[in-house]
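Below, subunit A partners subunit B and then partners subunit C, in two separate complexes.
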Partner chain A sequence: MREFAKLNPAVQLVYFLSVILVVMFDKNPVILLISVLFGLLICLRINSRVFLKDLPILAAILFISTISNPFFSQNGATTLLFINDMPVTLESLVYGLSVGVMLISVISWFKIFSFTMTSDKIMYLFGRYFPSLALTVSMIFKFIPQIIRQAENTKRVQQALGQFSAKSIMQKLKGSINIFSIVLTWSLENALDTAASMKARGYGQKNRSSFMLYRFTALDLITLLIVLILDVVLFLGIALGKTKFDYYPIISTVDTTGLALAVYISFGVLALLPFYLDFKESLKWKYYILKI
Partner chain B sequence: MEILHFENISFTYPNSDSKAVDNFSLSVKSGEFVVICGKSGCGKTTLLKLIKKELTPHGHLNGEILYKGMPITELEPNVSAREIGFVKQDPDSQLVTDKVWHELAFGLENLNVPPSAMRLRIGEISDYFGINEWFYRDVNTLSGGQKQLVNLAAAMIMQPELLLLDEPTSQLDPVAAADFISILEKLNKELGVTIIIAEHRLEELFPIADRIVLMDSGRILINSDPRGFGEKVKDLDEEYSRMLPSAIRIFNGVKVKAPCPLTVKEAREFVNANFKNDIKEYVPPEQKAAGNTALRLEDVWFRYERDSQDVLKGLKLTLEYGELFCVLGANGSGKTTMLNVAAGLDLPYKGQVFLEEKKINKKNFESFRTRIAYLPQNPQLMFVKDSIADDFFYMLNTLGLASDKAKELVETVAGKVGINDLLDKHPYDLSLGQLQKCALAKLLLQRPKILLLDEPTMGLDAIFKRVLADILINIKTEDAAVLMVTHDIEFAAENADRCALIFDGGIISSGTPEDFFSNNYFYTTAANRISRNIYKGAITCEQVIEMCLKNGVRDEKD
Partner chain C sequence: MNKLLKCALKTGCAMKRIKKIVAFSIALAALSIGFFLFEEQKYTWGSLVIAIMACLPFFVKYENGRNAAEIVVIAIMTSIAVLGRIIFVAVPGFKPVTAVVVITAMYFGAHAGFITGALAALVSNFYFGQGPWTPIQMLVWGLIGLLSGIIALPLKKSLVLRVLFGAFSGVLYTLIIELWTVIWLDGYFNIRRYLTLLVSSGWFTLMYLVSNVVFLLLLAKPIGKKLERIITKYGL
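Take a look at the complex of A and B:
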């Protein structure tokens, strides 16, 4: 993901929009499998420890979604067994499974999105159209952690003063209200100071420019073009219903002809794109180092 | 060329009878480095704010301040923003945005500088200040010293001709503070920026300043070059001498006719040249016998999270009744963590904390709570109510004290610490020194046996430090013990009964201040660095002066 994250944020945004839109609205098993597989792989590459920590939760989501679906839906032609006169069908289990896979996939891709699209990049994308909004957002990002830290520190010190030792809930509540009100006062004082600092540095004059951290390079252009071409194939195929897939009343078969195949391949290439960029870059460097 | 001119400036805050700045006249030349010093509340901050139009407080101003011959009030907003930079005391509140790069860009964005020009200036400035490595970082993840450096860079990116600094190093540790001041020197010498700085910490500033202005109650007491300053300050109150660099304090103490030394090197030459120096060893007064053990940390290991690094590594420490114990150490050495563990705020995963030889654990901790009092680095955190008195009574109420008894207790403690006139004020309206006194009073209300203090002298002026020291010495003699962690080497040398150095999560050396500091080479007082090759064991200015006088002045013929 490292090389991909270096691209211009606009390219990254288009990329994520394409992938996540497809994942959220297409229930075709091939698309689902491709998205979940690459989604999880990229998560693993980003932070393997967090990935392993999350794995049980993801498995639980999959499991619960599969076994709970028959309770909500008794559709489907192939009845496997009855629980309290309620038919449990193969179709409903498979549908539950596919929803679970979809959820995991969406969660993974959103994680990748929030990891790559840092606040800097969001600011870059929207800052030039809404400069004052961008500044406000940036100030909030700085301010909120500060307030939380001040509240935590106050609480700790008040604890050391024995203000939370009493067993009575009323006392504890009173203590918390005190902390809340003093932190509020503190943040107002702090905001006044910040406002003075802004004024001292010339804020509030007619025209304001916006600093751009990123540039649009040839690589950005090429990548954007590739993503857009893949998008055309993908959305054309989907719009024409080539990837339509039914779970009820019987599970339909996967269409592997013509345009449908092109859609699968396009989506596979799209999901692989971050890997390819990383791989290409590391190969390039190995080659340069070999030349030494 | 004159860049700034004050002509009989007087300033009065609304609802105040006394003038904050009183008939102040001064002329500052372009490229000068001016230090403004004085007690807290002497009007230095107000004076600086008057120069920067956007920060000028409400109140009544008499007289005129001219910037390049033009009245400050008539400056165009963008000229003022561009040419006059301002860095304040609190590193946090003057930061505006969440990222370092954005903080640097902020001022340029306000001036509508086109992005391509901005890129160059930002690149240039981060190179000059060495902030490339944390260019993309969140400002909240930076240390205090780094934050203050970003604030300075953000002011310098406007390429100002005049830089105003209001106690910029008061919340930094000595290493970060010295770095900061050396950058100021660079800005002044290499770029010719005119600098006016209000500061308490003068040790490093005297050698690089062109002029020192001493203020009291809004008036100029002394306005002189650093060398002449040492001479003139002799005629004033003794307490002013305390805030001066050690070299000048020693010079003033011995009363010898010679040019005033400013640096450690010059002071050493001065002592060598002017005194006989036959008596070579300073004999400290008899140490009193050790008291009973108050608090003991035995082989304490601590880390914040299961898979994080150890912060304390088998730390051992004993605190005795009747002593003031100072623990020194760099940032990140585990000082504050040690205090948190001693206060029972954090429990060690291995090792034990003993209070009067009784083990402290999670269950019995509450019964010990009132015997240990803890002063955090930021005294503001101690207060949650709208007035100091309200806060005191609220705490005593929750601790279950009857209201008439509480009143009596507050009166005695307030009298002892000297805060009677502050009781009705809002904690946020007090100066740092006043707040520190109130925080100490709040601790004493719990009638603790053990006081744990985290950097209590940070940001205080020398006169306030003396007051604080007297209070602490008073407390410890009443069968209590004080353990403080500090960066303040001079304070520890003058007031501690024992000192220790913490490094890498363990105590690596400890002893009486005389033994402790004269064995250190870098981590020692300026007075000791001046006298280490002349007198053995002298660590404070008073001791060096005593040795000089004992030895007697060298005759011209010798």
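Take a look at the complex of A and C:
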């Protein structure tokens, strides 16, 4: 994932849009399996501790989603048993399972998305079209730690002045409200000073440029082309209904003819794309070590 | 007709018109492509495209405003809303976010309210996890801000209305978010799942409702006084 994160943010965005769209909207079991396995695999590589911590939650989502679905839907031809005259069908259970897998997959892929597409990259992508909004968001990211720091300072000053010595909860609450009020006034005044300073330096004038950190390299172009070619196969197949899969009333069989197979393979290749870049770098590293 | 002709003659105005038409066609194209591609999930796709498209006019208007003072005030109020969500992370559902959005809208108007709500959703999800729900949350919190900006005067005057509006926005939030969840999971409006979700998230809804009311009661006057002072002092 490290090498992939170094690519131009535009390429990363196209990649994530393609993967997440398919993961969110396609309920074909093969696509679901590929997305959930590779999604979890990449999550494991990014941070194995967090992955292990999240695993029970993901398992719970899968379990609840499967066993609760018969309550929501009594469709399906194969009735397994009745609970209080309510039919529990095989199709309904399988649909619940597929929804659970989809949820896990979406959660994992959005985790990968958040890990790779940090807020500065999103800023870089959309800042050109929405400069004021981008400025506001980057100010918010600066204000949040600043307000926390100021609140801590204010608390220390208040303690030095003898506040907070009382132990009762009401007194403490009063002290906290006091600090909140002080910090709010300070932040607003401070921010409006910033606004005055911005105005004095010509904010909002035309013909101002902004600093861009990212370049578009040959590697970016190649990666983008690969993603786009895979996308064409993938979305063409989806548009032609090759991944269409019915859960009700009878679970349909998975299409494994030519184009459907091509769709699965291109989705698999796409989902593991971040790995190849890392793999290439590690090969390079081994090669240089051998040369020594 | 005359007005239209005059408008067409002026290039600036014509450009704006062209931009509007282009934006509209992109929206239509996005909608129809999604309908074509993901037939079974067309409502999920449609709702996401519409949520994003509904936010866009407010964002575009914000870009055209370009007022440094407005930008910093909105940034501060959004930071406070996001901080509130972070500070109260241990208490599920009990969040001051909506209250802060409503108060901002009361003093800086409907448009600022929408932007604060939408940005609070967007930025706080960088801390709590982005997901397909982000555009929907942005729209709902934005709309709560917009609404409270429209009825700002009565909200400022009447304590009862503030309490009612706080409760209303708590319920509205759950109703819309769960509606979207159902459409995403089932591809259609599965009323049984919707009702079950509403019942199972009943505790959260109650907490949203109570926290909105409590924080509006606690914060509306003190924050309002400070905002009014700032407005007078800096002539906003």
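The working rule: the second predicted complex is superposed on the first by the 242 of 292 C-alpha atoms of A that agree within 3 Å, B and C clash if a C-alpha of one lies under 4 Å from a C-alpha of the other, contacts with A are read in each partner's own complex, and residues count from 1 in each chain.
Note that in this section contacts are C-beta pairs under 8 Å (C-beta built on N, C-alpha and C of every residue); 3 or more make two chains touch, one makes a residue touch a chain.
Here the structure is a predicted model, which is why all the values come from computation and not from measurement.
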item	value
Partner chain in contact with A:225 - subunit B first, subunit C second, else both or neither	neither
First (subunit B), second (subunit C), both or neither touched by A:72	second
First, second, both or neither for A:202, with subunit B first and subunit C second	first
A:136 touches, of subunit B and subunit C: first, second, both or neither?	second
Partner chain in contact with A:161 - subunit B first, subunit C second, else both or neither	first
Contacts of A:114 with subunit B and subunit C, given as first, second, both or neither	second
Which of subunit B and subunit C A:26 touches, first, second, both or neither	second
Partner chain(s) touched by A:50 [first = subunit B, second = subunit C, both, neither]	neither
Subunit B versus subunit C as contact partner of A:186, first or second or both or neither	first
Subunit A residues contacted in one complex by subunit B, in the other by subunit C	119, 131, 135, 139, 141, 181, 185, 189, 194, 196, 198-199, 203-204
Residue numbers on subunit A that touch subunit C, as the complex places them	20, 24-27, 68, 71-73, 99, 106-107, 110-111, 113-114, 119, 130-133, 135-137, 139-141, 143-144, 147-148, 177, 181, 184-185, 187-189, 191-192, 194-196, 198-199, 203-204, 235, 238-239, 241, 244
Footprint of subunit B on subunit A - complex, ascending	119-120, 123, 131, 135, 138-139, 141-142, 145-146, 149-150, 153-154, 156-163, 165-166, 171, 174-175, 178-179, 181-182, 185-186, 189-190, 193-194, 196-213
Subunit C residues touching subunit A - in the complex, by the definition given at the top	34, 36-41, 44-45, 59, 62-63, 65-69, 71-76, 78-80, 82-83, 86, 115, 119, 122-123, 126, 129-132, 184-186, 190, 192-193, 196, 222-223, 226-227, 230, 234
Touching residues on subunit B, where the partner in the complex is subunit A	52, 54-55, 77-78, 80-82, 86, 88, 90, 92-99, 101-102, 105-115, 118-119, 122, 136, 138-140, 154-155, 158, 343-345, 366, 369-370, 374, 376, 378, 380-385, 394-395, 398-399, 428, 442, 446
